[in-house]
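These notes open a run of structures that come right after.
Look at the two complexes coming up: chain A is in both, with chain B in one and chain C in the other.
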Partner chain A sequence: MDPGIVLIDLLNGLSRGMLYFLMASGLTLTFSVLGVINFAHGSLIMLGAYFAWTLLQVIGGGWFFFPIIIFSGIIVGVIGILIEIFFLRRIYESEHLYQLLLTFALIMIIDGLVLEIWGGMPRSMMLPGSLLGAVSIGGNFFPKYSLFILFCSTAVAILVWLFLYKTKFGKASRAAAADVEITSALGINVPFVYCGMFAIGAALAGFSGGLGLAMSSITPGVGAHIAVTCFAVIVIGGLGSLVGTLVAALILGIFEAFGDHYFPQVAMALPFIIMAVILLARPQGLFGRKG
Partner chain B sequence: MNGKNRWVLSLTIFVIAFLLICPAFLPSFTLYLLNEMLIYGLFCYGFYLLFSHAGYLSFGQAAYFALGAYSVAIMYKHVTLNIWLPFLTVIAVTAIVATVLGFLSVRLGTLYFAFITLAFAQMIYAIVFRWTSFTGGDDGLPGVSRGMIDVYFLQIDLESPIYFYYFTLLIFLVLVFVLRKLVMSSFGLTLRSIRDNAERTSFIGVNPQRHLLIAFVISAIYCAIAGALHASLTKMAYPELSYWSTSAEPIIMTLIGGIYTFSGPFFGAVIYIFLKTYLMTMIGNWILFLGVVLLIIVLFFRKGVMGFIEEKWGVRL
Partner chain C sequence: MKRNKSLYSVVAFLVFVGMVICLSTPSQAQAEETVKLGFIAPMTGLFAGTGEPMSKGALLAVKMINEEGGILGKKVELFLRDNEIRPAIAVRMARELHKEQGISLFMGITSSGVALALKPVMEELNSLLITCAAHSTKVTGTEFSSNVFRITDDARTRNYALAKIINEKFPQVKRWANMSPDYAYGHSCWENFSEKMKELNPEFTVVADRWPKFGAGGGYGPHISAIMQAKPDGLYSVLYGGDMIAFIREAKQWGLFDKLKVFTTSHMDWDIPNAVKKGMVDVWMSEHYYAGAYDLPISKKYEEAFIKTYGKKYFLVAQGHGAPGFDAVYAYKAAIEKAKSFKVADIRKALEDLTIESPLGKKWIRGGDHQAYFDMPFMHIVPDSQQEVGWKVEWYKTLNGKDYIVSVEEALKR
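== the complex of A and B ==
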């Protein structure tokens, strides 16, 4: 094996892995704080991509590209606030089967709305010229956009980390994840924390959708497809563990990148194979707590 | 037997009698619909066993529905038209796949279970979609036969809609009767005690995972038989049968009917298919409509139709 090519594969894997982390992190955050698995997370990612596509059509690409994907993340975050206030808030007390069903209903509603607004045609984004093409790394070519994804998602991951551990809201949300009753007894507005955390999860989904789907075409079915990859990531990493999500996303990204190159016929099944192996060896996931 | 129970019994007999004699006077399209209702009813009962009795919500029962459809389609096409071997294949293939996937899924608790089942179903969808030489890929397998019954002196060609209807009805009645016995048995009681408290159930010496795995495999077989009948009825096996939107159908039907009533899954299927047939063209965006229906049920109408009637009239349906 040529070490230069291996380096390219590794970079490719890191870029994919960081994108998977960005996509799955919102799911982990909302689960660890609200205790709700949001089945519609993949649909929110898809929604972010559609918003980015529309904004690109209206405003045009170029240097606006980055602000546009951030802005589409914010729109999805606002939608997240509405979902939390109108639907999720009513069922925190219910059995969690109903929470699962409710977010499952959201998948259908979002898919239906996307079909209504954007139609079933595949859409592809116009990337700005500065992000097209490739850079040369040690004589081998690596796509600029993958480098851009790697850079952006690492930056966002660091921001999320700082937010959770350095800001008051982040600390409050971690406290609420640990014990709701004590947290609210300390005078922290828990419903506000819940709503904010869901909005952040949704915004991360929207941003990662705009960022990640820019390279491929966007269709109404893509949400379910991405959701499944996100589930694989959080199952491998362990439910509710952000470190686990990061490690699992990187493992998955790197395995896929090498798999695509060396064993293309099984690459599609790789997430499931890794997931099955982890489930057999360690059902709670790499960083999950037992029980 | 008190008056209300007798009333429920006579209602059951009336429904069965109606199902038995209706081919005599129903037009062929309505018969086809009724046939579809029976098939989806069976699909719902598969979902219902896991959800209502074991408390495990599966978002991936479509995987087994498709498995049944494709197994029977391939067997009819390449091996034999006599129903026995194809249906035995359906049961065997499903039992093997469900045992492996079920073993991986049931030990994780209800939360993990919900998305693992969805992930495995999407995996099966991807396999069906890509394995073109065997499954026909995106086009699916058109022209699936309805098979024939061939034992010694008896030969029945199931191509005829009426014979196929009776064939479906027979399977439906037998399987629903078996399920009724199953949920009333100690096995059913054990499942419900696992649903209510798995930890305590394991303290009294029951192995919850083994019971759940058995329930999972039975559920998968019900779904697969429904899928096999569906492929014969519509004469098609196609990848969307394993897609998540197909998994959503028995969930919504069962919820409409009432998740904690025995008749709920069937009546849910009847109501759903009736609505789908007559409203789909009017509404256009069916998936959006379904999403809103599911949302309303979850927020305001958790008992479902039969649960509502049960409560109003004070009977067990």
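== the complex of A and C ==
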């Protein structure tokens, strides 16, 4: 086994894993604080990609690319605020079935709107020239854009951690996740915290859509495809655990990368094998709490 | 209280499902005295770029037929259903359309897996299916069904013809890599291409054989890395839809195409180069239709009507998959008029050995295997920064499927 190629495979896995983390992190935050399983998370990721594509068409690519994908995340975050205020807020006290129905309906609404607005034909983004091509690592090539994904996802992971543990809002949201009544009794505006966390989760989804789908194709319904991976990641990591999401995303990404290269015959089944093995050993996921 | 909530949840869910069913079911009375056709294809998801234009071609044919007086005096109605390229959804939709609308004539389908899943359903429902883009040889071969027809080419004829072109243009290329989706269509295409290449050039060698998941939509880095390690001169791939877009974009970043002498695919929809635009690479390919390759009155009629209805920009993207959708409707029309009957058994008999006028010229549906044979277009696309789309068709040629035909007995064995 060529060590240079192994390094490339490892980078592939890290890049893929960190993108999985970025895509799934919003879902984890939403569940850990609001207790809502947002089935429409994949659709929000797709929306981010469509907004980024549209802005790139209007403004052009080049150095605007990075601000555009951030701005696309912000737009999706604003949509998240509207979803929280007009829909989700009404069902926090209800059973999970209502959440399932509501977020499932959101998938159909968002996918239908996307189909009406952008049509069914695939779209692909214009990337700045500086992110195109590959760099040589020990004589082997590795795409610059994959390194860019790795860098951005790592930066976002650090920012999310700082936000949750070092800011007042982050601490309030963790308190609300632990005990709503006591948090409320302490004078913290819990509905505001809920709304803010859902918006942040949606913004992360939008940003990850712009970043992650820039190298592939954007089509209506692609969110459902991505959502499957996101749910696999959060289940393996343990529902509601951000650290679990990170570890699970990296495990999946790295195993998939090596599996695709060296064991392509079983690569397709690999994520499910990993999921089955981990859940058999720890039904609550790697970092999930029992019960 | 908890029990009540559960009950409410179940009731709410049932009401919701009921509403969806009511809203999506037109009344029977409304559709009487019409020829009803069921169209099933992916119109959302990674493969929307195949199903959506196909549906537009079919809708266009319905519009034109109705303007010309319908079929034996009856207007035609097309019922569109999106199966997201999932076999189970396609099966459910076929059953629903049959039960609720009384439809027995189906068409569409862009995946061989879906076509194969529908085969027993068509037999059970005494219905017919004309597939428009499921190319696996199995569909009209080992899995042949008297209820299933294919109006587009099969993987064998198209890949035999492609191999001939590639071998003529690149006789020096011997080291080949394959990167195709791991399902019936992908295996069928590569099997036929490599078989013909071996026959034409005994030095043909496969140095890398990669089978990524169908519908992966990206993340091809490890496969690309493995192909580059194998140092092939030629690359064959029948990834399609969103998969092919992602592969081209990723592989270009890795520098894979710079190291190849030829990249070829037996099928690349026009939505792919139109989506990739300035990132497009040099490729020898085939599609369901290319406007520049046909100069027939019916081709012009198809093109003008398509552009008038959906616009020129959309035609450039959708002309390929639009054509078999268009042809499938006209095939049913021709068969019903030939049989002078609306009975399934009569239509089936009439479809066998039927020749229809298509934008691609005459399409002959062989009775023995239910496969259409006709002039298939092959193109060479090159990047061109002078063009708005970032590429141009540098060369094209049509080859007739009949020149690559195998006997019915042999076709049914594979």
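Everything below uses one rule, namely that the second predicted complex is superposed on the first by the 290 of 291 C-alpha atoms of A that agree within 3 Å, B and C clash if a C-alpha of one lies under 4 Å from a C-alpha of the other, contacts with A are read in each partner's own complex, and residues count from 1 in each chain.
In this text, a residue touches a chain if its C-beta (ideal position, glycine included) is under 8 Å from a C-beta of that chain, and two chains touch if they have at least 3 such contacts.
If you're wondering where the values come from, they're calculated on a predicted model, not measured in any experiment.
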Combined model on chain A where chain B meets chain C, clash or fit: clash
Which superposed partner A:A178 touches (first chain B, second chain C, both, neither): neither
Touching partner for A:I59 - first (chain B), second (chain C), both, neither: neither
Which of chain B and chain C A:L162 touches, first, second, both or neither: neither
Chain B versus chain C as contact partner of A:H225, first or second or both or neither: both
Broader residue contact with chain A after superposition on the shared chain, chain B or chain C: C
First, second, both or neither for A:V266, with chain B first and chain C second: neither
Which of chain B and chain C A:I109 touches, first, second, both or neither: first
Touched partner set for A:M121, first chain B, second chain C, both or neither: second
Touched partner set for A:F258, first chain B, second chain C, both or neither: second
Touching partner for A:Y98 - first (chain B), second (chain C), both, neither: both
Offending stretch of chain B which, after superposing on A, collides with chain C (from 98-106, 134-142 or 170-178): 134-142
Common interface residues of chain A - those touching chain B in one complex and chain C in the other: 97-98, 101, 105, 111, 115, 224-225, 268
Chain C contact footprint on chain A (complex, rising order): 2, 5, 8-9, 12, 15-16, 94-95, 97-98, 101, 105, 111, 115, 119-124, 126, 132-134, 140-146, 213, 215-217, 219-222, 224-225, 256-261, 264-265, 267-268
Residue numbers on chain B that touch chain A, as the complex places them: 51, 55, 57, 59, 104, 107-108, 110-112, 114-116, 118-120, 122-123, 126-127, 130, 243-245, 248, 251, 255, 285-292, 294-295, 298-299, 302
Contact set on chain C toward chain A in their complex: 5-6, 9-10, 12-13, 16, 43-49, 51-53, 84, 182, 210-213, 215, 217-219, 221-223, 225-226, 228-229, 241-242, 245-246, 249-250, 252-255, 271-272, 274-279, 317-318
For the chain A and chain B complex, residues of the former touching the latter: 37, 39, 87, 90-91, 96-98, 100-102, 104-113, 115-116, 224-225, 227-228, 231-232, 235, 239, 268-269, 272, 275-276, 279-280, 283
